[in-house]
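Chain nomenclature is as follows: A, B, C and D, assigned in order of appearance, with residue numbering initiated at 1 for each chain independently.
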Amino acid sequence: MGHSLQPKSWQRTLLGTATSLAIASGGILGFAGSASAQEDTFKVGLVTFLSGGASGPFGVPAAQAAETVIKAINEGTLPAPYNTKGINGLQLESVVIDEAGGPTKQVEEYRNLVQRQNVDAVIGYISSGDCLAVSPVAEELKTFTIAFDCGTPRLFPELESPKYFFRTGLDATADNVGAAHYLKETRPDITRVAGIQQNYAWGQDSWNDFQLSMKQLMPGAEFVDNQTPQIFQGSYGTEISALQTNRPEIIHSSMWGGDMEAFVAQANVRGLLDQATALLTTGESGFNRFKGQAPDGTILGGRGPFGAFMPDNDLSEWFSKAYEAQHGVPPSYPSSKMAQALLALKYAADNSGAEGKPSDEQLASTLKSATFESVSGTVRMALADGHQALQPMYYGEYYYSSETGPELRNIRSYSGACVSPPDGHDAQEWIKSGFPQADCN
Amino acid sequence: MLTIWAILIDGLIYASWLFLVAAGLTVIYGVMRILNMAHGSLYALGAYASASSIGWYYANGGDQLWIAFALLAGCAIVIGAIAGLIMERGVLRLMYGRDEVLMLIVTFALLLILEDLMKLAWGTTPYFAYQPYAALGRFNFGVLSVSGYQIMVIGVSVVVGAILWFWLERTRTGKILRSIIHDREVSEAMGVNVRRMFTMTFVIGAGLGAIAGGFTAPIISVVPGIGVEVIVVAFAVVVTGGLGSITGAAIGALIVGLARAASIHTMPQLELFIIYAVMASVLIFRPNGLFGQATARKI
Amino acid sequence: MTDILKTQGLSRYFGAVVAAEDINVTITDGEIVGVIGSNGAGKTTFINMVTGYLPPSSGIINFGGQPIGNLGPRKLMRRGLARSFQIPQLFLELSVLDNLAIALSAAEGRQLNMIRPVRTPERISAADDILEQMNITQYRNEMVTAMPQGARKLLDIAIAMLGDPKMLLLDEPTSGVSTDEKYNLMDTVMEVVRRRGLTVLFVEHDMEIIQRYVTRVLAFASGVVIKDGAVDEVLADAQVQELVTGKRHQPQTEQGDV
Amino acid sequence: MMHLQKSEVLLIVAALVLGLSSFISPDWLVFTSTLAIAAALVVMGVVMLMRAGLISFGQGLFYCMGGYAVGLGGRFLDVTDALALIGLGVLATVALAMVLGLLLTRYREIFFAMLTLAFSMILYGILVKSHGLGSTDGFGVVDWSILGYQPAQGHESSTALWLAIVLALAAALFLNRYFQSSLGLACEAIRENEVRVEYMGISRRQVLYINYVIAAALGSIGGSLTALTAGHVDPTMAYWTISGEFVFIALLGGTGHVAAPFIAAFIFILVRTYAVELFPNSWQLILGVVLLLIILFLPKGIWSLFTRKRRAEA
C-alpha cells in the first residue's frame, strides 16, 4: 500500500496529449463529415436498435434486411419492377445509427445525419416516442424520411400537414381491431378475456384499442384482468399466477421480442396456456423461434402482411430466400417491414422523373398516395393524406411439429379499410362509435 | 383466500430470486465498500454462459437433466469468477483508496464495457434455454400452478444463503472478513492481507452474480440489456435490508418480494412504484436500512 | 468569581456499559482544569456530553448559569463553549486560510451568504492574527494535508478560539505530537489562553504536562470522578496512582533501581 | 462595488464567442451546442451537490420537471413565451425540492444517491402511467416565442442557442461567486468534516438544503432548455440512466471550476456522437473506456489539466 495514489507526472502529460489529440481529431472529423456527399451515390441513414432489448428481435433483423436489400438494389438483382441497378441509377450507400438513448438523443442524431453527414433520406425508428420526436424535425429540415416500424396512432394526427414524413406500415390500432375481428370470427363463444402488456405506451395503447374493439364486436366478453409487467422484466411468474386466479379463456398480449417469447414459455410450463389461448399481436417474430414452446392453436399476428404472413409473390419469394441465404433464418416481420421501406424509397426515386439525384420534394411527391409493389403485396399509401400505408391485417394460428417445423393455419385477413380509421378520425373515437365507414368485406 | 396463497407463493419465489441477485452485491459492499454497478453485467454474463452451454448441450443430442444443471451452474460460476478476477486485478485494484462514490462510477464504466463485450461475444439474438425449466414441470393447486423449476430456485437460494452464512460466521476466512468489515485499518495493522481478501471477495461476489444469472437463464430469454434491468432492483433490495448484511439482503428480498406480489395480485397498476416505495419508506424510518449500521466519525 | 460550568448527576450508559456515572463538577471562571484517566475512563464521554455531541442519559449541565443539557454543539458554540479534538477535525482538502475563513464567517453568523466571497479583507486579517499567535503562519496558503500533526493540532485549537468562546475544552492536545514539540505547542496555546482569559478544561495523558500547566485536576476511572482537587494533591492520591497514573510503586522501584 | 474577476471576464468572452460563432456554424453544431449547454446546466447542479460530498442519481427528476413544465405549460396553459415556460418549471421544481430537501438533507453517500434515484423513478413511473400525456412516447412541445419575438423558420436553433447562452452565463456567473462565498465553502466544509462544521456553529442541514434547492432549479432550467430545443418531452428524462449520464459528465469535468461542466458536456456529446457514428455497435464500450481513463489519470476531471498548467507556471 506504500505507493502514492496520485498519478505520476508522465501519466498526466500523456493523458493531456491524448485529450488534446482526441478533441483535435474530433474537429477534423467534423469537417470531413460535413464535406458534401458524392453525386453518384444516394446516401440513406438507417436508424434502428443495435443495443438494448429491442435490438435482438427487431433492430438487428431490420438492419440485416437492409443489408440484403441494399446489396440487391445496387447489383440490380431484385425482381421486377425493381430490377434496375441502384435507385434512379444511383448507388445506395447507408449509414447505420443506433436508435437507443431516447427521443432527445434521436433528435440530435437525426440532425447529425441530415446536417453533418448529409444523408439524402432517412429510414428508421422502431420506437413510437422516437417517431413522434423526429417527425417534426424531418419536416423542419425538409428531409425525406420513412418510418418503417413504429406503431403509434398519434403520429399523423399530431403532425400538421406532413410533406416529407411517411410511414410504410400500419399503426397499432389495426393490430388490435384485427385481433378483435379474428376472435369474433373464430371464437364467438368466449366470455372471459384477460391481458398482459408491457408497462409503457405501446402496451397501454394496445390494450385500450383491443378493449374498445371487443366492446363493439363481442359485447358479451368480460375483461377479467390486465397485467402490466415492466418492459424487459423477463420473468412473469407472479403475473401468470394472477392471470390463473382469474381464469381467462383468451389472453391478449402486445408484448414483443424476448419478453413475449419468455412469457409464452413460462405460461406454457405453468399450464396457463392449457387453460387459455394466447393472442399475441406481435407473435410472428417468434414464429421460427418458439419450437415446441408455444402450444398449438396460439394466435399470432405480424403487424400486417409481414414475415410468415407475407403473401406469395416474386418479391416476397426472393426476399425470403435471399435473407435466409445471407443470415441463416427466415425473415420475421421487422425484416419485411424494413425491406418494404427500402422498396418504397426505390419506387419513389425511380419514378421521381429526376435527372440524377432526386430532391426531397420529388421523392415526397412521388411516394405520396402512391401504389407500389412490395414483399407484402401491393401497398397503397392511402392513409394520412397519402403518407401512411393502408394494408390488410393478418392473424393465424400457430402449429408446430418437429418434422415439418412451424406453420400457420386458419389465417384470416382483414382489409385495410376494415381495421384502420379513415383520415380525420381519432382512432379511439372511431372504434367507440362503431367503426364508421369501415369496409370489412 | 386463493389470492393470499398466491401472493405468499409468488412473493417467496420472487424473493428467492432477488436474494440470489442481491447476495453478491451485498457481500462485495460489506467487505470492500464498493457498490458494484457491474453486478448486473455479471448476472447477464452468467445468464449467457448458462443459456449458450445448455443450448449447445441439447442441440448436440444431450438429454440428461443433471448434466444440463451441472453445465448451467458450472459455466456460470467459472465465467463469473474469471470476469471478477479480471475486473478486480485489472481495474479495481488500481483504484483502491479512492472515494466510495468514485468507485461506483468505476463500476459503471465496467458495466458499459461489459454490455458491449457481451454483445460482441453473443450477438443480439435472444438465447433460449428453456429445457431445464420445462423438464421440471409444475405442481398444480386447483387453478394455480407453481413451476418445479421455481421451487428449485428457492432451494438454490436457501443453500447459497446458508453457505454464505457458514462461510462468514463459522470459518477462519469469514472471521478475517468480518474483522475487515468491522475495521479495515485495524485488521490491516494486525497483518491481514487485505488485498488478497479483496480479490477473493470480489471473485466470490462476481460468481454469485453469475450464478443468479445462470439459474435465471432457463426462465427468461437472454437478450442484451437484462443486466441493466436487474441492477436497480438489486440495489433497492440491498439498501432496504442494509448494505453489507446477508441477513438484511434476505429480509429485504422477502419484503420487496411479498410487496410486489401483493401489488400484482391486487393492484397491478402500482407494480412500477412498489420497489421504490418500499425502499423509500424503509429509509425514512431506518436511514441505514433494516440491518445497516451507521458508522460514526472518530473524533 | 462565578461558576461557568456545573454538572449534577451527569450519567451516560451505552446499553449495559457505564461510560459515565453521577459526575458532579463545578468549574469557575478563569480556571484551568486538567482531566486525567486511563483509556475508557469516561473523559471523552464527559467532554462529548458537555459540548452537546452526546446527549446524557441523565443529569443536568449548566453553562453560564443556564441549563444546556439538550443543546447541540452548534448552539453551545453560539453560547461560548468551544472545543478541540483528539484527532484534529479540519477540512483537509481546503487551505488553512479557508478553514479559518469559514469559521470566521460562521462566528459572524454569515455562513449562509452566497454572493460575497468568504475571504473578506477583515476575515483575512483576523485569520492572520490567530495564525501568528499560534505560530503557524508558514502554512497559511497550504492545504491542511500538507501540515504536520503538531501544526494541525494548533490549527484545530485556533479554529475553536475563533468564535470568541468563554470556555475551551481541549481533548488531548498533545496526543500524537512528538515529545520535543509538545511543550512548545502547549506554551503557544496557553499563552493565547491567558491573553484571552479563557476558562480551559483539558484532557491529557501526560502527567508532566498536567503538572506544568494546570492548577486543578479531575481524575476519572470507570466512568466516575474519583478525585477532584489541586494537582499535587490528586497526583499523590493512592487510588489515583493505582487506577490512573499507574505509578503506585514507582517511587520504590526507582529507588531500588538507582 | 462588485468588480469583475478574471474568470468572469473569460466566461463572458467565451459566451460571446460561442454566440457569435452560431452565425457561421453549421446548424447541427448549433443544435448540439444548445443541448450541451442545457446538459451542462444540470451538471452544474450535480457539481454543487458533489462539492458538498453528495452524489445524486436522481437529478433527472428536476431535469424532467423542467422539460414537462415547458411541454405542459404550452399545451394546457397556452403559455408560449420561453422565459415564462422556464420560470414555470423553476417554480414547480423549487416547490418540490423544498419538500424533498427536508428529507434528503438527512442522508449521505449511497443512501442519498439511492433515495434521489427512487424519487426520480417514482416520477418516471407516474409519467409512464399518465396515458393522457402520451406515457413513454411523450409529446411535442408547442412553437415558442421569446418576449414577443417569434423566431423565423430556420432561426429556431440559433435563437435557442442564444437563450441557452444567456441563461448559462447568468448561472455560471452566479455559481462562480457562489463557490467562493461563505455558503459555497460551507458545502465543501461539510464534505470534508461534518463534525467540525457543526462545532463551528453552522447548521449542516440548512446549508445542504439551500444548496440542494439551487441545484434543483438549475436542473429544471437545463430540462426546459432541452425541451425547447429538441421539441419533445418524454419520461426517459427522469430515468436513472439519464441521471447517471449527468454524474458521468460532472466527473469528466471535475468540480474545480464553473467552466468545467460546459467543457465536459461538449466533449461528452462529441465523443458520444462520433462513437455512435463510427462504432454503432460498441459505442458504450468506448464511453466506458474513456471514463475509466479519466478516473485513472485525471481523478479531478478534465479541469485539472488547466489548473496544473497554471500551477506549474506560478
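Simple rule for what comes next: contacts are C-beta pairs under 8 Å (C-beta built on N, C-alpha and C of every residue); 3 or more make two chains touch, one makes a residue touch a chain.
Note that this is a predicted model, so its numbers are computed, not measured.
With B-D and A-D as the two chain pairs, more C-beta contacts join A-D. Compared with chain D, the chain whose C-alpha mean position is the greatest distance off is C. Between the CA-based centres of chain B and chain D the separation comes to 33 Å, rounded to the whole angstrom. Rounded to whole angstrom, the centroid-to-centroid distance between chain B and chain C, based on C-alpha atoms, equals 48 Å. Averaged C-alpha coordinates put the centre of chain A at 34 Å from the centre of chain B. Residue positions 128, 193, 195, 281, 283-284, 296, 299 of chain D each touch two or more of the other chains.
Within chain C, the positions touching two or more other chains are listed as 53, 85, 89. Shared interface positions of chain A, defined as residues touching 2 or more other chains, are 50-51, 199.
Across the interface of their complex, chain A is touched by residues 2-3, 6, 9-11, 13-14, 17, 97-98, 115-116, 119, 123-126, 128, 130, 133-134, 137-138, 140, 143-147, 149-150, 188, 195, 216, 219-226, 229, 260-261, 264-265, 268-269, 271-272 of chain B.
Put simply, chain B touches chain D in their complex at residues 35, 91, 94-95, 98, 100-102, 104-106, 108-113, 115-117, 119-120, 228, 232, 235-236, 239, 243, 269, 272-273, 276-277, 279-280, 283-284, 287-289, 297, 299.
Per the touch definition, chain D reaches chain A in the complex via residues 26-29, 31-32, 35, 128, 131, 134-140, 153, 156, 226, 230-232, 234, 236-237, 239, 242, 267, 269-271, 273-274, 276-277, 280-281, 283-284, 293, 296-299, 302, 305, 308.
Residue ranges of chain D in contact with chain C, taken from their complex: 177-178, 180-186, 188-189, 191-193, 195-196, 198-203, 206-207, 210.
By the touch criterion stated above, chain C contacts chain D in their complex at residues 51, 53, 72-74, 77-78, 82-83, 85, 89-94, 98, 101-103, 105-107, 110-119, 159-160, 163.
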